[in-house]
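Next come the structures, one after another.
The two complexes that follow have chain A in common; it is paired with chain B in the first and with chain C in the second.
Right, the complex of A and B next:
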């Protein structure tokens, strides 16, 4: 029956029927990202200038980013009813929090002299922000925005499955019903769109003027779709349930096991992906690999990471049956795709003197990269792997959707059974787990950097080692790399 | 919770002049649990039902098949649909939470059964053989695909010894999971099983029913309390008037022959069972 996965339903009728869901997913992504970019910019500017709402909303954002986007969508369905509106609010909230955080980081790195000069003239906060801060950080913010778009598309596919619409609902529905020909059509469409978006993002980065048009369109869509709180007290009832977190005794007893299951899923997947990604990264590397090999491995990695983890999990259920193994395998495949690309670019971006020296001894390109670039890149590679673990932990909770076990499954079932008190308790557990791990990972990577003795070239998120993209204005800035997509917006 | 507060705050700033869902003049929104899946294929099936209802009620009707059972209940609760097709457990949930009003059901829903299935080669011939074997259930909120079978397994003393269990999300998915070998055994709605066999989607030579459950009350059409009595009545009549020989196409989609009025009191046993299993 797996053969059916390789014989997609390409009938004109089905493809025509998919046009609507595809358009919905793309429009939803654009609308959510537009809201996130605009709101995120405002929040980041406010916090950069120490205006009061910035600080407060930044801490709300930290809490928000600890809630998986899928769970956020579920909560929004409770409040706003079914449809694109709920998914829109969920994605917009999640990515506003991410963008605000990232933008604040970018703005903090900007030289402050222009702001001080403007302040000296007596200019107000808005003027300082608009003329003193924004122009300096704009290129990096553009890169980050296009990059969030790719992420949000993947999230929209998964969130659509719950919010009730788009290609995600069709894909998850077809897979769940074992309608493999149609499921494989949806997978092909999703992967193709994700790859196209990576290209499109590069184009937009080089043509910043397209951004204004896209933002306007996105905001118009968001206004048209933004849902109203539904009348009646249904949402209130849900909210009051959520306000009283509660876990029955047997769930408390199960907690250590569930936490261990979630950690094991994320750790196993990350470790295996990191180990395998290293040799594959050499195949993908521009400095170490042959063109044909590079092309093949780049495409392979792109396909692996184009499928969201939850979709991988649904496909893998066909082979692996039930349980945490499916979750771990799904996290592994997506992580492999992301890490290969990230590792390859890190190796390529290493300071070239040592590599050139090895090349001059008559060594081959691969040898030169191995001895000349890898030791220099080790610190950054470790950081990437550590943050990937952090991301996988977050994703492990989303995989509860397909019954992969751990905290995620309990969270999903509590929501399905409308046990709001339990749902809220599991959300708190998830948030505590994620924030705790984030802190621990940050501390560990700090120690690792010191021990390896090599600072990664720049802060991993705001400017990861990667392409130098030339803009029309000939300004050079480091783009946020496509492969960093899944991890970046979460912080 | 901060998230909800923020959701509320953001939504409160949204344009207020849009019509609220469901209040659109004349449009009747019908929600359905995805007992037969929620894909394009399922939507095609439901189009026939939508056309029948629109012509009999003389107003536009929109049939929305949600992606999971809980979503239908939430949608009925917050008014994004007016009338919903629910299972026994989802009805009890909606009735207890916000007073969903039972309307009509198929005659067979008053004494419905779950079909326990396995591949013939699996050597599973009765509930006792399930110890240590993997088992597929439908949606966690399904009455015939999860609640009542769980109860029956517990009564038979095999609930604790069962191998890994999974909720597939819908009845056809359970059948497909068993046929493919992803699960050793599965349990589903008896009418969905009959339809899958009749349509040739499942080969009865390979997968067979090894046990049929005791009867229980299941599917029912229910309205949210805000729907006017006249609208409820005209909807009920549309289904009560369906006849074999005249409305076969629609009845086949609904997997039934005849509709009868439904009573909330018939679900006391389902409710008690759900409480025992802590699903309510």
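Right, the complex of A and C next:
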């Protein structure tokens, strides 16, 4: 039966039938990201200029970001009903909050003197933003925006699986009907699109006009799709249920086990992925590896990470059955792909003088990377692994929605049974666990960086793992200078 | 028009004062040069005159008003050409030049000019660029200009701003001798023609003596002739 997964249905008729769902998922992504970029920019400017709504909305955003995007989608489905509208609201809200936070950080890191000079010509706050702040931060903001697009695309696929339509719904439908050839086609299409989008992001960064056109199109789509009906009868009942979080006694007793399960899923997957990613990163490295080996390992890593964790989980459920093992395996496979690429880029980006010195002793390229680059990169590698753990913990709560156990599964069951008090209690548990872990990881990585003496490179709360290195890596391909963001100057 | 009375200044809170009890008067159309060793506090003095740093003691009055009290559009009365040029480097050169006029424009006009400057505004930028010897550079990205070219773009921005008082911090530091002569000629003649007050800090006493009406030396003892 599983062999059928390797014989995709590539008949022209089915491929043509997929065009609609694909377009829907892409359009949903574009609409949500456009809203997020525009609203995020406005919010970030408001807080950069100390305008009144800035701070208040930033704290609302912090609360929103504490809940994973897909969990937010479940909540929106409860409030707005099934369909693209709920998915759009969830994705737009989540990514607006992320973008606002990230953009605010980027705006704060802009050199102050040119903006002060504009103030000296008598320009007002909004005009200073347009003529000074935004142009100065634009390259980094664009890089972040395209990165958000890639994340949102994966999220949009998975949101389809929980009732948002598009290619995700098609995939879940095929899996439910045990039509594995078609499911396999959906997966191939998703992976191919994710890879294409990675390339497309490069193009868009070099063409600011394309960005303007895409944003306009996205906003138009968002307006067309935004759920017009206010939450109706059902929505109101759901809202009042949500307002009174409540857990029955046996759930309280199960809580430690569920938390441990979720935690173990993320920790095990991250640890194994990090350990295996290190040797594979050398195989992918531009400075250490041979061309053929590099090509093969790069493609392998790209495919691993192009499959969203949730899609891995949907497939793995067929092998492993429902339970935390599915979640751990899915997180491991995706993390491996992501970490290999990140580790390789980090090793390649290390200051070259030490590596050159080792090469001059007659050592080979791999040895030079091992002795000359790895020690320099160690701090960054540790930080990346820690960030990935944080990310995986988020995903672990989400994967429960597709049968991977842990608190996510409880949340999903509460939603299915319309026990909204329990749903809201699980939301609170999720948020508390994620915020607590975030704080702990931040403290640990801070201590680690101090020990190994690595500059903090990014705000890891808002920039999902990999943003920084990819930015620097891609700067080589584009004329846009998107170097590491310096830490904000104190005023 | 500018009165500096018994000024005591420090570069930052808690730092020791750089000058004590300095006084200075500047009339409209007058060009003043200030020289002094590196680190003497020339930049700090100019920033204080521009109202960016509050004095420890004493007063700085432009047309009778403390410069630190100028806010919003009123700040357009004082132009500042900073030592580091302070341009918005990702923008085109003509946008940086036109930024000098932002204090006169409404937000809507600022938005329009940012996107589509009309002929008149393009001519305004071109005239200012031509005045500093950068005719035709308007379409280039500011980041692609040399240090000396950027310095002149910063001066062109100040020309568009047309302030009552222009403060220029080492405006010829990155220029070759010929361009330096020309730039100082331009600044001092503008001061005379427009009745604009001009204060430049300089490191070259000979240039200061040749071009300016008055030269003061900034030392720890204050502003000396």
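Annotations
One rule holds in what follows: the second predicted complex is superposed on the first by the 445 of 491 C-alpha atoms of A that agree within 3 Å, B and C clash if a C-alpha of one lies under 4 Å from a C-alpha of the other, contacts with A are read in each partner's own complex, and residues count from 1 in each chain.
We adopt the following convention: a contact is a pair of C-beta atoms (placed from the backbone, for glycine too) under 8 Å apart; a residue touches a chain by one contact, two chains touch by 3 or more.
All values derive from a computational prediction rather than experimental measurement.
In the superposed pair of complexes, A:113 makes contact with chain C only, with no contact to chain B. Legend: residue contacts after superposition of the two complexes on their common chain; A:17 is shown touching chain B, with no touch to chain C. Put simply, more of the residues of chain A are touched by B, taking chain B and chain C as the two choices.
Using the contact criterion defined above for the overlaid structures, shared-chain residue A:188 touches neither chain B nor chain C, since it reaches no partner. Applying the stated contact rule after C-alpha superposition, one finds that A:72 touches chain B and leaves chain C untouched. Using the contact criterion defined above for the overlaid structures, shared-chain residue A:357 touches neither chain B nor chain C, since it reaches no partner.
Judged by the touch definition given at the top, the superposed model places A:122 against chain C, while chain B stays out of reach.
Partner chain A is touched in their complex by these residues of chain C: 50, 52, 72-76, 78-80, 82, 84, 86-91, 95, 99-105, 107, 110-111, 114, 157, 161. Residues of chain A that touch chain C in their complex: 113-124, 126-127, 130-132, 135-136, 138-139.
Of all residues in chain A, those touching chain B in their complex are 1, 14, 17-18, 60, 63-64, 67, 72, 75-83, 89, 92-93, 161-162, 164, 169-170, 172-174, 176-179, 182, 223, 226-232, 234-235, 237-239, 242-243, 248, 317-318, 321-323, 403, 413, 415-418, 424, 427.
On the side of chain B, the complex with chain A involves touching residues 1-4, 6-8, 10-12, 14-16, 18, 20-21, 31, 34, 37-42, 64, 66-71, 73-75, 77-81, 93, 97-98, 134, 139-141, 164-170, 172-173, 176-177, 179-180, 182-183, 226, 278-280.
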